[in-house]
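Next come two complexes built around chain A: one with chain B, the other with chain C.
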Partner chain A sequence: MTLNTILQTLIFGVFVGSIYGIVAVGLGLVFGVMGILNVAHGDLLMVGGYVGFWLVTLTGIDPFLSLIIVGPLMFLMGIALNRLLYRRIIRFEGETKLKNSLLISFGLVLILQQVATLLWTGDERTIQTANAGKSLMLGGLVFPYTRLANLGIGLLIIVLLHLFLHRTYFGKALRATAEDWEAAILAGIDIQRVYMVAFSLGTALAGIAGTLVAVNYGLGPTIGLSWTLKALIVVVLAGTGSVTGAFPAGILLGVIEAISALAIDPAYREVVGLVLFMLILLLRPQGLFGKAERGLA
Partner chain B sequence: MPELLEVHDISVSYADLQTLWDISLEIKKGELVVLVGPNGAGKTTLLRSIAGLDRPSTGSILFDGEPIHTIPAHRIVERGIILVPEGRRLFKSMTVLENLEIGAYNQRARPEKNTTLQGIFEMFPILAERQQQTAGMLSGGQQQMLAVGRALMGLPRLLLLDEPSLGLAPLVVESIFATLQKINSAGVSVMVVEQNVHVVLELANRAYIMEQGRIVGQGTGVELLTDQNVREAYLGYLPETPQP
Partner chain C sequence: MNNIALEQPPEAGVDESGHLKRWAVLAAVGLGIVAALVPHITQRQDIINRLFLIFLYITLGQSWNILAGFAGQINLGHAAFFGIGALVTRTLWLNGMAFPFAFVLGGLTSMGFALLIGIPTFRLRGAYFAIGTLALAEVLRITVSNTNPLISTLPMDSITTYDLSARYYLALGLACATMLSTYLLLRSRLSLGIMALREDEDAAQATGVRTVQHKLLALAISSFFAGLAGATFAFYQVSYYPQAPFQPEWTFDALLVSFIGGLGTLIGPLLGAVFFITVREQLSLVVQAHEVVFGVLFIVIVLALPGGLVNIWARLTKLFAALRKRNKAIHIQAP
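Now for the complex of A and B:
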């Protein structure tokens, strides 16, 4: 095993991790603000992947450019889902709300998978990019252009989200609602509106991640659950209050998986993440970037 | 003076437990009204009902003559009723300045945000000094100042306060009450729930006494201060024993 192999593995870990990061940021935002666990997050990613796939296939638009359309379309879907489903459980107290959100979103998982299978069959699909197979070579290391684009898009999203949460008035209202929704109402915030935006943003992020997954891996109606699981591991790793921290945590998971595949065996790739999940819950339940008190960073 | 707030025969229940029974009261423009009573009397529930966090099952609440018990709580804030809740409920992970900004979120207060902020920094210079610190880092007294400041940012016409002196040192309590008086004399009507009955009755125009979810007495502050029953129940005076 040469140094080059190790470095190359780390680099690919970072690329994979940047997708984990985008998926987890969306899940963490919804969880942090609304206090619900949306296990359908990975299936919204799947739907977003198909939206991206058909946009690219039918219009011939560049896959990365299609994100500008996929995002808003999925945002609209988020508004509809929040209206139809999640809005109904938001008035419950903490644990009841969480349990109900699990039931509702699991139901949504089943529906989305069935509908996707009916509409688009179980065939695996991928989005072809213009630069597929082309890479940047640097000091003997390979940087595929599409993977570099993942990282760039992930970084851009995280910077924009951070600016939104910390610099805009509505973003501050969102953080206030995450910390104490009743105090937020008393400050004059329409929290139903905040919940709608948080959920729809989460859905849009899932959709963007889905399109990236379709470009880099492949798309099928049943890929959702494994992405939800990845996102959940990353959210716990980052700490549930740390929305923007989910991105570096995602990269960390990607790197750890890559190293374990190299050092132990690629077959144990998935196991490593789950072991990490349990260790974090046992040893540092507030996560790497989370604080003990409730709030959104 | 015209009535600012009118509460007509409201009852409030949680699940099967009724906590307020046929409460009626009114607050006039510019008044400072105190609500006293033992723990569990329903004082907090009454304030929460006026603020729209709890809903009465019967009765009505009018503000400026318009019903507010049917509109969402954040709209009540917009009308000008602002509650400083029990335990202050600051956004502790956010900065002092952000807490104040959030206070001016409602549509009526937002355009005035910067002007109001200057006024609050003049009233509480320590908040100006610490504006970039997170609210959780402040001392108890400073947190209460921030809670009052955040409420004032919303340009209240009726300010509701739930035990603002709880857990604070006597000197700090004094300054909080002095502030309340200042706010009141600037034209904001105030209703305060308070355990420091003696101090607050001296400030108050009027007071209501609550027990077990009902209003059992009312009067001017001075009347209640000299009322024998009130003195025994809330001020810790022993009944005068008849001299032989």
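Now for the complex of A and C:
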């Protein structure tokens, strides 16, 4: 095993980790603001991937440009889902709300999976980009163009989201609701609107991540739960104190997975996430970037 | 409107102190005897297979219900425990261990994994246990499909001597054992602590309930029976991919059986299993994606009909009682 192999593995770990990051940021945003855990998040990613796939296949648009359409379309889907399902449980108390959200979204997982299989069959699909297969060579290391673009888009999204949350008035309302929804109501914030925007934004992020997954990895109706799982582990790793903290935590998970696949057997790479999850619970339940008083509860 | 911590009057057939009423005991024994006689009465394999599935799903649903319905802990990876039971039992059995030992070891291994997840996650409140179980199930599903990609088939001589009624009696016995254990648990002092922490964990802790130990106890029972259900599946199925019992559908089916029947009730998973298997087998003949129908049904039950069939029955009897009372009142007025 040369130094080159190790560095190359690390680089690919960063690339896949940037997608984990975007998925987890969406999930963490919804959890942080609404106090619900949407285990169908990975399946929203899957739906977003198919939306991107069909946009690219039918119109021939550039995959990365298609994100500008996929995002808003998934935002609309988020509005519909929030109206139809999640709004009904938002009035419950903390623990009950959380448990009901787990149950409802788990039901949604099965529905979305089955509907996707019916509509688009179980075949695995990928989106071909103009620069597929071409790479930037730098000091003997390979940087595929599509994955570089991926990382760039991920960073751009995180910066935009950070600016939205910290520099706009509505972002402030979102953060206020996350901190204390009762106080937010007293301060005159329309929390139903905040919930709607937070959920739809999370869905849009999932959709964008889905298109990126379709470009780089592969798309099938049953990929949802494994992406949800990655996102959950990243959110636990990061802690819920900071939404954007999930992005570096995602990259960390990607890198750790890549190293373990190299060091141990790749067949066991999924176990790493589980071990990491247990270690965090035992050693630092508030997460790496979380505030001590607020765990994932 | 809290459908996890549902406050319920005593179920039909159970009196205030949790004892079964005499007619309920007679009905249970009668049903058991009829079920035990079925392979002697009929040779039709489709009926025996259908009943086998119902028994398997009673165990699957009840084992999920023990943890979620009574202790209030949401397990989104029940498939992990089912799958571990299947994997361990099948492997040991096909490698020459006597089946009864392999069967029990399947359940015990499953319990071991459950405690491994339960001990760190139950110390913390919130979604950690749900995430941990979901993670366990997904990780095992992917890892098992990586390490055991080949289909597992019974050896030729066991296929030629395959005895369906042995599978039938195993599933029936397991379903009875699960129901009986749940009943005994509900009658014991421990169930008071378990249900107290479901209703209000802080209050339970304040009154001296050791919440973590009670949660772990419920988890141990739940995962043991789920593992045995998996072991029964491994005994029944002639050939399957080793990752098949780890599929999330098993978790979903367990949730559905509990919710259709009535979460947190003794009889609920039994009714739920009968309903679910019967409707599913009929539906799969008509509709291509019957799982979608069940997914929608599940969400509707969670949102609108907490309590499931048991609760609907209770509401109906209350309605009839009210109607009868009104009729009586009219009769008195009439002359």
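Note that the second predicted complex is superposed on the first by the 292 of 297 C-alpha atoms of A that agree within 3 Å, B and C clash if a C-alpha of one lies under 4 Å from a C-alpha of the other, contacts with A are read in each partner's own complex, and residues count from 1 in each chain.
The working rule: a contact is a pair of C-beta atoms (placed from the backbone, for glycine too) under 8 Å apart; a residue touches a chain by one contact, two chains touch by 3 or more.
Please read all numbers here as calculations on a predicted model, not as lab measurements.
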Chain B versus chain C as contact partner of A:V197, first or second or both or neither: neither
First, second, both or neither for A:I189, with chain B first and chain C second: first
Chain touching more of chain A, residue-wise (chain B, chain C): C
First (chain B), second (chain C), both or neither touched by A:I223: neither
Partner chain in contact with A:R175 - chain B first, chain C second, else both or neither: first
Where chain A meets both chain C and chain B, residue numbers: 295-297
Of all residues in chain C, those that touch chain A in their complex: 1-5, 72, 74, 76, 117, 120-121, 123-128, 130-132, 134-136, 138-139, 142-143, 146-147, 201, 248-249, 251-252, 255, 259, 288-289, 291-292, 294-296, 298-299, 302-303
Residue ranges of chain A in contact with chain C within the complex: 37, 39, 85, 88-89, 92-93, 95-96, 98-100, 102-104, 106-111, 114-115, 117-118, 225-226, 228-229, 232-233, 236, 266-268, 270-271, 273-274, 277-278, 281-282, 285, 295-297
Residues of chain A touching chain B in the complex: 169, 172-173, 175-176, 179-180, 182-191, 241, 291, 293-297
Complex interface listing, chain B residues touching chain A: 51-53, 72-74, 77-78, 82-83, 85, 89-94, 98, 101-103, 105-107, 109, 136, 150, 154
